[in-house]
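Shared chain: subunit A. Partners: subunit B in the first complex, subunit C in the second.
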Partner chain A sequence: MKILKISFALLICAIVSSCSNDDDNTEDLSGQTGELIIKFDNGVGDQDFIFDTSYSKSNNETYKLSTLKYLVSNITLTDTEGNEYMYPSEKNVFIISEANANNAGEIYVTLEDVDAADYTSISFGVGIDQGRYALGADGQGDFLTTAEAEGMMWSWATGYRFTRIDGTYSSSTVTDEALNIHMGSVGTSIDNYREVTLSLPNTVLIREDKSPQIHVVADIAKLFDGTTSVSFDDGYAQVHVDETTTGVIANNAADMFSVHHVHNE
Partner chain B sequence: MNVFQNFKLFAPILLFISVFCNASTIDPPIKSVSFYEYDYDYDCDLCGCTTGSGSFGFGTLNNANFVGVRYINQHFESKNGIFSNSPVSEETFNTYQLWAQIPINNSFYFSANLPYQDLSRKIDGTNENINGIGDANIIGWFKLPFYKKPANDVMESMEKENSGHSLQFGLGIKLPTGKFEEALVDRVNPGFQVGTGSVDGIFSLGYSFAGNTFGVNTLLSYYLKTENKNEYKFGNQFSYSTKFYTAFPIKKTMLMPFLGVSGDVFNKIEQYGETINDTDGSILNSSIGTELVVNRCIFGVNYTLPISQNLFGGNVTSKNRLSLYFNFAL
Partner chain C sequence: MKIKFLLVLGGILCFSCTKNDAEIAYQPVFLTVEQPSNFPEIVYNLENNPVTEAGFQLGKSLFYEGKLSANNAIPCAFCHEQAFAFTHHGHTVSHGVNGGIGTRNAQPMQNLAYQGEFMWDGAATHLDFQPVIPITSELEMGETVSNVVSKLQADSYYQNQFKMAFEDGEINSENLLKALSQFMVMMVSSNSTYDKYVREEEQVTLTQVELDGLATFNNKCASCHATDLFTDHSFRNNGLSINPRLNDVGRFAVFENPDDIYKFKVPSLRNIAVTAPYMHDGRFATLEAVMDFYDSGMVDNGNVDAILQREDGTLGITLSSYEKESIIAFLNTLTDNEFLTDERFSEF
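So, the complex of A and B:
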């Protein structure tokens, strides 16, 4: 019996001691940096996006895409204290191309040397802001060449294509008609750059020895049936430089993003 | 295929054991058809995985104390992605356990369990495997038997008559003897781990009834989980199980078939002090099986199928579990 009592006592001790809180919340993060991976995952509703798959939308229209690209820039993180960290401007512009997705359909954007902190929200721009465009062709660095190679430029004068969506659509009146959504700011004549701010479901911890991930979902269905529902038959099959249609698509594009989850590891 | 491979491995062991049992001249523990106490062993398979756990806690039907080995084969399907058409990963968890229930005296005993985990899964046509020693647990039990009320005219009856009903109180600890890999956290099934890396408390209440024609065993357990060194904390868990059994003597052996239900309810996982969405869930299982008692040897088989489940936001599906065990009564 004595042995039993002692062993029970030990057991309780072990349980209680294992519950003791040894958090040190005064972690000094100054000077520390770490990596952050942002996974962009294109979907259509609850389906993973797949090229050349027919998707239904409003107005009894369907569409199939063969190209799906968009520009993301000015990624900024806000920490628990409300401090903002913006990734260095010259590197802070990315082409999110479904063609570059991995097996799971995710497009990785890796940010290096991010200031260590506990971040609670992320914001980014869809497209290129006027300030960046105003830097001129030389001010774009290597990105200009990349964008040209990816077909994300018209010409320098008309600037970047913020979205490059190519495919076909069918409706009650047409079958497999060309679909091209090339939305941009058309030089400086329109400002179709939009900012998106998303709060994170869990805090992202940037540390030297960690590589956390933010899983961002882009619901492509919302590009056509988002803030505004558009009809391909009614002028939205070819979206290029028109002030009205590009603006509607820009607003819809900004509204298609959400953060599904984060991984801290 | 895996099941058969494992069975092939298991078969010679069983064969050896059966020879050993027949050679044994020890008196059989069962002397009549009436039921002996059916006590619990403990299986808290928190890891490998968190979705397959203590609700599977059954040992020998009629022996309070034993040493033995058990093999558990579990299948899961986990969605590898966030969409409804995301690819599915097929998971096979094999667990090999050494387990025992050792008496201290008439009222106290303890149970212990040391698993070896061999977990594999198929993702995108490639196979991943992790294996190693899992998390051991040890539980101290206090048994409270209930006696029949003595008739008024035999106040000084020498022997109290056992009513067949009893309660068991268990207090235990799960040790982080298995390795927890933080890299595996980025997976849909967080149970794909050999160990939780945490010291957890186990609180159990059992009820047993052993009658003349049937027996009942019910076990309720609560797992109080703690944060591991990766600041990762599996959700606290409530497990329940109940089983009805009967027995048929066949020559010198006893066949004891049983039917039961069991289940688990999981709280959300916490990491860095925050709860993670879609990491809670529950499952209700049905089980069927039998034991064969030959002298002091007990052979058991238990097959479990889920009745209803919602694990990790519906992203993980438990398919079935098969358990084979051999215990030697002490």
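So, the complex of A and C:
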């Protein structure tokens, strides 16, 4: 009987202490920050993306690329409570270049000092939003020179390339014709910035002593056969400033991302 | 004795160190951008880039700095000379590094804080970014922004100037462009004879021919050359014949929109008497030639602005010889000698 009483008391103690432990955990998070790595991984359908490799698309067209870059900004995380955390604006622009990928074809974006929380979704913009353009040089730091070095800046007009694709395509009528998509927003008249929100398959835990990773896959096939299927022969082999074609590619680009998995380590 | 001497020496060294540090620290003295009473509101967002004495001086040094170009010899001021309201006097189009010849006439630099779009085709939509175009143009300065930043980082003068002009003291593209903007937004031309007349200052009056010119101008020109900035900031095709050598399609190059073909910015007319030659390609050497063009020289190049069509369908703005003469007399009242000789903007 006595033993039963003691074990019951112990059980209660255990429950109470584990409860209070949980409470402590939530409280501990305030002021705590951690690192988050976002791995961008370009693919084409169910294949990995490889430079100078021929891929098929609709309309019996094929393409090979030698440059594949896009610009990601305004990364924001939403936690289990619905609170949003936005990475500091002045650091929140990244050029995702396939040429900078590791042997596994992954391009790392490392966010530091992220508020500790349990996040359930990630959102980001493809390109530069009008608000950031309106700031002029303010808050840009070295980004302009970084973009220039990456060939992601225009010199004929003031602006950034949001998507840069160079390569060749072949169709039933042409072989190895030039394929160049250098598009962004043009002033305030053509706004090609798009936002993407992806829910995470499992919660990502940002903690001081952890370095979780979100593995984002970009399906390049969807750039051409996404929300809208386009034909290179029909005006999409050269996409630069035209309002219609740049808008279609911008919409397709925003639709090409998905989260493959999350590591909590 | 020895110790005393060392202490004194140490004191002097410390003192001199602190003194030097104080001299090259960020101690902002804020400057106010002029808002003349007869001007529209400032467009440039000064809150993001407040003008300081040191930032303005740095911007001025950069404006006159050859290192912004590939051969270290072509500063901004090469094509923008103060005496001619910062235009390239006598040049139809300008030349740059490696013998490059541009395709457009250098525009005056004045009252830039009151404008939102720059270049003849509006390719720059923020003043901060405008300098990127001439710096990186192969026909103008032929440089990269990154390389300009590297050159400035290696220069002890700029190492100090950037520290005094900006809180973070960094020599980077952000601060380079901010300093240039600080210099440019201060370039306000608002003290011509005409300005003093409309603001009723110093009992300035206009002559009868100037007043007649102003009346005709308001009647026949002011729908495009609107407000006391003398531009409505629009882009229009004014019926110039197409120079096949240049075949400059104007604003079409920015958006590839067929409606924009041969459209160029309606320029301000301030200091127009000193900014010859005229039009985007500098084809007219005199204001008389400009008047004759509007009266009888326009051609139908396929997309001429409807505002320039007469009731009978022909193109042009009918001007008698007295109207031409008096409009030119009025335009001459827009010359602002205080601005053209203002030492704040002068190289020496």
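The working rule: the second predicted complex is superposed on the first by the 232 of 265 C-alpha atoms of A that agree within 3 Å, B and C clash if a C-alpha of one lies under 4 Å from a C-alpha of the other, contacts with A are read in each partner's own complex, and residues count from 1 in each chain.
In this section, a residue touches a chain if its C-beta (ideal position, glycine included) is under 8 Å from a C-beta of that chain, and two chains touch if they have at least 3 such contacts.
Note that the coordinates shown come from a computational prediction; the quantities given were computed from them, not determined experimentally.
**Q** After lining up the shared chain so the two structures overlap, which partner does A:A99 touch, if you call subunit B first and subunit C second: first, second, both or neither?
**A** Neither: A:A99 stays clear of subunit B and subunit C.
**Q** Give one of first, second, both or neither to describe whether A:M86 is in contact with subunit B, with subunit C, with both, or with none.
**A** In the superposition, A:M86 contacts neither subunit B nor subunit C.
**Q** Quick check on the superposed pair: does A:G141 touch subunit B, subunit C, both, or neither? Answer first, second, both or neither.
**A** second
**Q** Thinking of the overlay built on chain A, is A:A149 touched by subunit B (first), by subunit C (second), by both, or by neither?
**A** A:A149: touches subunit C, not subunit B.
**Q** What is the contact status of A:H215 with respect to subunit B (first) and subunit C (second): first, second, both, or neither?
**A** So A:H215 only meets subunit B here.
**Q** Please work out whether A:G43 is in contact with subunit B alone, subunit C alone, both, or neither, and reply first, second, both or neither.
**A** first
**Q** In the superposed view, which residues of subunit A touch subunit B and also subunit C?
**A** none
**Q** Under the stated contact criterion, what part of subunit A meets subunit C in this complex?
**A** Residue positions touching the partner: 133-145, 148-149, 153, 155-159, 186-190, 240-243.
**Q** Residue numbers of subunit A touching subunit B in their complex, please.
**A** 1, 3-4, 7-8, 11-12, 14-15, 18-19, 23, 41, 43, 46-48, 103-105, 201-203, 205, 213, 215, 217, 260-261, 263-265
**Q** What does subunit C use to touch subunit A in their complex?
**A** For this pair, the touching residues of subunit C are 45, 48-49, 117, 122-130, 132-133, 136-137, 144-146, 149, 170, 172-178, 181, 253-257.
**Q** Can you check the complex and tell me which residues of subunit B touch subunit A?
**A** By the definition above, subunit B touches subunit A via 80-87, 104-105, 108, 124, 140, 171-173, 182-183, 185-186, 198-199, 201, 224, 226, 271-274, 276-278.
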